[in-house]
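For reference, the structures are reproduced in the following blocks.
Same chain, two partners: chain A is paired with chain B first, then with chain C.
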Partner chain A sequence: MAELINLTINGQAIQAEKGALLIEVARQNGIEIPAFCYYPGLTLQAACRMCLVEVEKTPKLQVGCTLPVADGMVVHTESDTVRQSRKGMIEFLLTNHPLDCPVCDKGGECELQDMTFRYGAGESRFTERKQHVDEQQWSPVVFFDAPRCILCYRCVRVCNEGIGVGALGVANRGVVSEIVPNRHDYLECDECGACIDICPVGALTSGSYRYQTRPWEMNHVGTICTHCGDGCRTTLGVRDDKIMRGNNRDSSGINGDFLCVKGRYAFDFVEHPERLQSPMWRNAQGEFEPISWSKAFATIAETFTSVKARGGKFGIIGSNHTTNEENYFLQKFARQGLGTKNIDHHRTGDLGTFFDALSGKNDALATAGDLYAAKAVLVVGADLAQQHPFLSYQARANFRHHNAHIYAVTSGPVREDNQAVASIRVAAGGELGGVESLRDKLKAEGDLVIVFGDAIQGDGVRKLVAFGDSLGIPVKYVCLVDYSNSRGAFDMGLIPRDGGMSVQQMLAAKDLDVLWVVGANPLKNATLGSSNAFVVVQDLFMTETAKHANLVLPAASAYEKNGTVTNVCGEVQKLKQAVKVMGTKTDLEIMGSIAKEMKLNLGIWLPDKVFAEIRKTVHGYDVPLPVVDTGGAAPTMPLNGRVPALPGAIQSAGDTLFTSGSMSRYSKILNAVIESPGGLYGGKGR
Partner chain B sequence: MMTFSPQLEQKFAKMLTAYPEGKKRSAVVPMLIYAQDEVGSITPELIDEVARRCEVTPLQVDEVVGYYSMLHRKPMGKFHVQVCTNISCLLVGGMELYEHACKKLGISHKQVTADGQISLEEVECMGACSWAPAVEINYDFHHHVTPEKLDQLIDGLRKAQ
Partner chain C sequence: MPKKLYNEPSPLETRILSKRFGLENSESLATYLANDGFKAFRKAREMKPEEIIEEVKTSALRGRGGAGFPTGLKWSFVPRSSPKPKYIVINADESEPGTCKDRLLMEYDPHQMIEGILIAGLAMDAHKGYIYIRGEYRYLIDHMDRALAEAYSQGYLGKNILGTGFDFDLYTHSGAGAYECGEETALLDSLEGKRGVPRMKPPFPAVAGAWASPTLLNNVETFSAIPAIIRDGGAAFAALGTPKNGGTRLLCVSGHVNKPGVYEVPLGYPMMKFINEIAGGIPGGKKLKAVIPGGSSCPILKADECDIPMDYDSLAKIGSMLGSGGMVVMDETTDMVKVALRIMRFYAHESCGWCIPCREGTTWLRKILQRFDDGGGRHDDIGLLGELSKNMLGRTFCALGDAAAMPTISIVEKFAEDFEKRLARDRQMVAV
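Moving on, here comes the complex of A and B:
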């Protein structure tokens, strides 16, 4: 613990760590020092001069955001001089500001508005003509309105430091200074929108949100992003049953205010015109024809019951995006209701071998928090910035804030190279050799988090864990999996245990009687071997697999349902329904209804009830309910002794920052943004 | 990829080792100035090249170019006449001197004569306050300059062409 010192702020005696910044110490003690340019976690700028405070025995006002506290310091933050100076600063910031608040996106949640309201002057002494620059569009998602900008440089710093791209800069100086994009008049970047989010005024605005609504007209629903597996919380602004925007300004969730392009913008698939909104079956002419839900359930129940009765063969493929409750219910349906072991999902990382290799170890699963806190991070065979942007952000923040040592062993250049103490390039398949070459360096580290992709699987996982054991330091691991609930799908048992068939075996089999696909697209690049199988597909869209179906059921997406999901690091978080799409049902309701129609007793199909059952029966999921219910992330420990090897191939879908399986095809924003980091960082580095 | 004269290349090589490990970006300003003298102006290719050598993004070099007034994106004349109009020079006729130069050359701030020989710039303090008003032509300082003395200097430049 650092040395404590005593100081006085506004007559209040305060103890603080020596060297802490005055602005932080004040905030922690409930005293607000206003600031625009200061932003926790970013480098100090001291550009806006809003945080000037009076410190006794110093002749001039001091900058609160860069001033370390010292013993005996006496600070006044609300003296007449300070008020006068703030008033002057606001007047100054507004000299060229257009004051177009009535139409500005930021109106109502603007830091400049709030500060003008609290500290500002009612009138301006400036009578000069305001400098005007026309607004510019820098990318499909980023617009810039220079006159509104107060030059706090938050956007420049968050892009440089937080995201590690550095696509924004400041041109010129003095009154003609302005923020500029890296390609003269457009942006080549991650399109993550962090710059828009962090902008305290309405200078940077979002292509999909601008001029659409006023902030106070929306309800805000905190849920978990449904794209990659990192489990970022995205707070969806909803108006009239339409998602207007995604952000995480309240820093709830594991990701603070971080979101990538998918979490911030790629919710638009929800209202894509091709969303399925009615059950459909294939009529006598072989064409899809809408039918009622009751007819659909009756048909499915009848088929399932008769196939089960005659001992036919079921194949069931679950999803990487559906909730834990749905996955649990599906495997229960399969094993108890239909009596089949043939259940699987698209496995994108070798969790089976991973858990097996870790059996008997405690505390070996790293969380996103560990990536920020560990002394060293080793990335093996994965391009984190492309596939797991939040994990990449965490490692980068660890490097910036704690000088953590980053190591990368990949087959191509990755963004981690910029922070790495050692980057090893290996031919695909040679990752373990690369890891071995780092042995001496890693041994000297205090503790280590190893993050590995699908390049390491089977025996490779065992060897990697054995390598970690041999280092003699505490080592934690993250086995990367692609999607929002890939981890949950595995943990809930969507796997072909005890001799069940894998996805590949189901597709190849010639004698399958029923193929039931819940939210997956296995036939995207494959054909179905059984020509007589009755195919039931639950999905959002008419995917390649749905086109093969006898019966298609319109499912609700993650933004339209409640439940829980487990992120890549094994933390359970709660989904919260934001909108409803007419005609759809959640997969849980669909499965429950089929079970009811079949007169199977699989329990109540309400998310909370199923979750209660999961907590009782799934190893490691006995998580504290208050944590999950209040929107927290509860770590699970699904290490359960030896896990037998599972049949079937494991392969990451190789999604980039701008793709997300089938879903990204239906997101206009993702299709519109230029795929630029490839150009910046030499392409995919898996 | 851009290359410079052997002398300049040598200078740059030395420059890049002059700063602590990992601080190559410190060489951005001197590299830009010396390269500008040889290339004639700061071209987009030059920005990319300096960025590459100093291991920063082109945008970061661009920021520096936009910030410093002595870095020019367009070529200046063979003789670059810089007249100070900051406070010390202003008090003893710096502004008059600058206006005189404008009239004499028929050009104003950051412009170049039609023959491309002489350019003019109104500059901020050059640190020659003790000898104000001061004029700098390329890298040569001229002290206590009067309009008459400036005429002689400019006429001298014309002859030197």
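Moving on, here comes the complex of A and C:
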């Protein structure tokens, strides 16, 4: 604990850690020192001069955002001089600001508006001609309106420090100083839009949101991003049952300020014209034909019941994207309702061996927070910036704020190289050898988080855990899995344990009677061995698998339902329904309805009720409800070993920052971004 | 290189730093060696580093770049024992309007500065130095490079200098045309290849300067004064000036004088005597109206304030500065509206744009002054000019904002009648 000192702010006696920044100390004690350029977690700029305060015994006003507090300091943040100074700064800022608030995207949630309201003058003395520059488009998702810019440099810093890309800089000088992209007139970057979120004014605007709505016309729904497995909270702005934008300006989730391009923009698949909106069956001519839900349920129930009665073979493939409740209900349906063990999902990381290897260990699962707090992070066989952008961000922030030691053992260059104390390149498959070569360095660390991808599986996982054990320091692990509920799918039991068939076995089997696919696309790169199987598919779109179906049911996406998902680190978080797409039902409702039609008693199919059952029956999921209910992330306990070896393949889909399985193909924004110029991710640039 | 001097020396000068100006081939190492060259370095290498610093402290030498910080004290801040490399950076980004002395020191006597730098190197345990020369002094970069090559070829730079075992490498580095890069931390950013904007202080360059290493940064003239101080002793140098204002300095006088030029006088030299006798007085027998004492950043002086000795403290007492020694003399015909505009055009053009008050303030002031000068002035403008300047003063990130605000405040306050006269004229024209 740092030394405590006493100071006075506005006559209030305050105790604070020596050397803490005055602006933070004041805020912690309920005193606002306004600032534009100061942003917690980013480097200090002292550029906006809004935080100038009076400190007794110093002749000039002092900069609150860079001033470390000292014993006996007497500060005034609301004296006449300070107020006059702020008023002057706002007046300066507004001289070249276009004051186009009535049409500006930021109007209503603009820091410059708020500051002017609170601290500015009611009238302007500026009667000269304003500096003007035309608006520019830097990428499909980033627009820049220079006159609105107040040059707080937040965007430059968040891109450089936070995201680790450094796509923005400052050009020119004086009043014509301007934020510029790294490729002169276009951006070559992650397209994450962090610069837009962090912009206090309407200078940086979002390609998909700009000029669409006023912020106060929206409802804001905090839910969990449905793309990768990191479990970032995205706050969806919804107007008239349409998602207008996604952001995380309130820093409410585990992801703090972070969101990647998918979390921020890739919600538009929801309203894609190709969304399925009615159940369909294959008619006598072999063409799809819309039918009613009741007819669909009746047909499925009839087939399932008869196949079950004659002891036929079911194959059930669950999803990486559906909720824990749906996954739990599906496996219960399979095991109890249909009496089959043939249930699996696309497994993207070897969680089974991982949990087995951790048998008997407490506290061995790292949370996303641990990546930010650990003294050292070792990344093995994964390109975090591409596949787990938030985990990458956490490690980077840990490096920036705590000087954490980052190690990377990968087959190609990764962004972590920029922070790493040691980057080891190995041939694919040689990762464990690379890890071994770091033994002495890692032994000297205080504690370690090991993050590993699908390059490590089977025995490799056991060896890696044994390696961690032998270091003699506290070690935690993250086994990387691809999708928003990959972890939950495994935990809920969408696995072929006790002799069930794997995905590959189901597809290969010649004698499968029913293939029931819930939110997955196994036939994308495979064929179905059984020609007589009755195929039921629940999905958002007419995927390759759906095209093979006898019956297709239109499902709701994660943004259209409630429930919980478990992220890559094993943290359970709540989804919140943002919109409703006409004609769809949630997978839970679909499964519940089929069960009802079959007169099976599988319990009530409401998310809360199913979750209550999960908490009682699924090992490690007895998580505190208040945490989950209030939008927090509750870490699950690790399974206590004894996970049998499972048949079937484990392979990451190898998604990039701009893809996430079948949903991303229906996101216009993601496709636009992939096609935009830029060589950073393999494109040719222009 | 010009053998001819830009201006005739005055017999009233005290020529210490400029004593070789005008000698045949004064820029050559041979001329330098024949005229006391490298005596100080030979002496310094027998001295302990603390002794060198002590001698500089005794000399009461103050930074000649503008701020006038005691040089010896600055030297003592550099942690000699730091395990990091230590750098010497020479600020030759001479950009203050009215100032042209560093240019002459490098042009006529580059080896004097090199010797001063080497002595600083001995005192700091530094082995690398960078001469940051303003981009507009393009010819001087070549000139300095020739001088460096000459020093290298004769063993005055490089490895094992003069057999002492002391190594020192010195490089030139071109600025890119930004006034802001004369500010020491912006200079360091620019030197490191970044955009030239000032850094946050602390840490000061002495602790974390170039490449985050301890760095000694001084002006060309400051380094050029070092050989004389070490050679003849700090006390002798100090005795030339007034208490706490040691030695001589080069003053650059321009404007309405008969003999504009660069002259070396002891600190504390009477200003009126300097204008009337050394600079040859005001042409055409006109009356003095105002003086900018040390570069455009300094608050302007009215004629009746000019009867003072020129040293840092005396000028500070009347609310101005000795600055970088760029004196601009203005006679009674001068229109102060135009002066204020010319000054503000410079600052608006040169503001680096980093902080709000300077970036927006200088441009706003320029626009008001331009409009005023164009005949569109309003009475409110006079007060507004002062108020806006005060909103900048002391609130900007670096001293550039102050440098823009101070002359404006002083002009508006001291010469309000010039502005009123303009308004009256404008009204008359409208009436006609």
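Rule of thumb we're sticking to: the second predicted complex is superposed on the first by the 672 of 686 C-alpha atoms of A that agree within 3 Å, B and C clash if a C-alpha of one lies under 4 Å from a C-alpha of the other, contacts with A are read in each partner's own complex, and residues count from 1 in each chain.
Throughout what follows, contacts are C-beta pairs under 8 Å (C-beta built on N, C-alpha and C of every residue); 3 or more make two chains touch, one makes a residue touch a chain.
Keep in mind that what you see is a predicted model, and the values were worked out from it rather than measured.
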- [ ] Specify the outcome, clash or fit, for chain B and chain C once both structures are aligned onto chain A.
- [x] clash
TODO: Give one of first, second, both or neither to describe whether A:Leu625 is in contact with chain B, with chain C, with both, or with none.
DONE: neither
- [ ] See if chain A has more residues touched by chain B or by chain C, and give me that chain.
- [x] C
Task: First (chain B), second (chain C), both or neither touched by A:Asn96 - done: second
- [ ] State whether A:Arg49 touches chain B only (first), chain C only (second), both chains, or neither.
- [x] second
TODO: In the overlay, answer first, second, both or neither for which of chain B and chain C A:Asn182 touches.
DONE: first
- [ ] Figure out whether A:Gly88 sits in contact with chain B (first) or chain C (second), or with both, or with neither.
- [x] second
TODO: Report for A:Leu61: first if it touches chain B alone, second if chain C alone, otherwise both or neither.
DONE: second
- [ ] Considering only touches as defined above, state whether A:Arg173 meets chain B (first), chain C (second), both or neither.
- [x] both
Open item on the list: Contact-wise, after the overlay, does A:Val133 reach chain B, chain C, both or neither (first, second, both, neither)?
Closed with: neither
TODO: Have a look at 25-33, 97-105 or 349-357 and say which bit of chain C overlaps chain B after the superposition.
DONE: 97-105
Open item on the list: Residues of chain A that sit at the chain B interface in one complex and at the chain C interface in the other, please.
Closed with: 169-170, 172-173
Task: chain A residues touching chain C - in the complex, by the definition given at the top - done: 44, 46-50, 52, 59-61, 66, 84-85, 88-89, 91-93, 95-96, 125-126, 128-129, 131, 150-151, 169-170, 172-177
Open item on the list: Touching residues of chain A toward chain B in the complex: what are they?
Closed with: 166-173, 180, 182
TODO: Please name which positions on chain B make contact with chain A in the complex.
DONE: 57-60, 62-63, 66-67
Task: Of chain C, residues touching chain A in the complex - done: 178, 180, 195, 200, 348-357, 359-364, 367-368, 371, 380, 384, 388, 391, 394-397
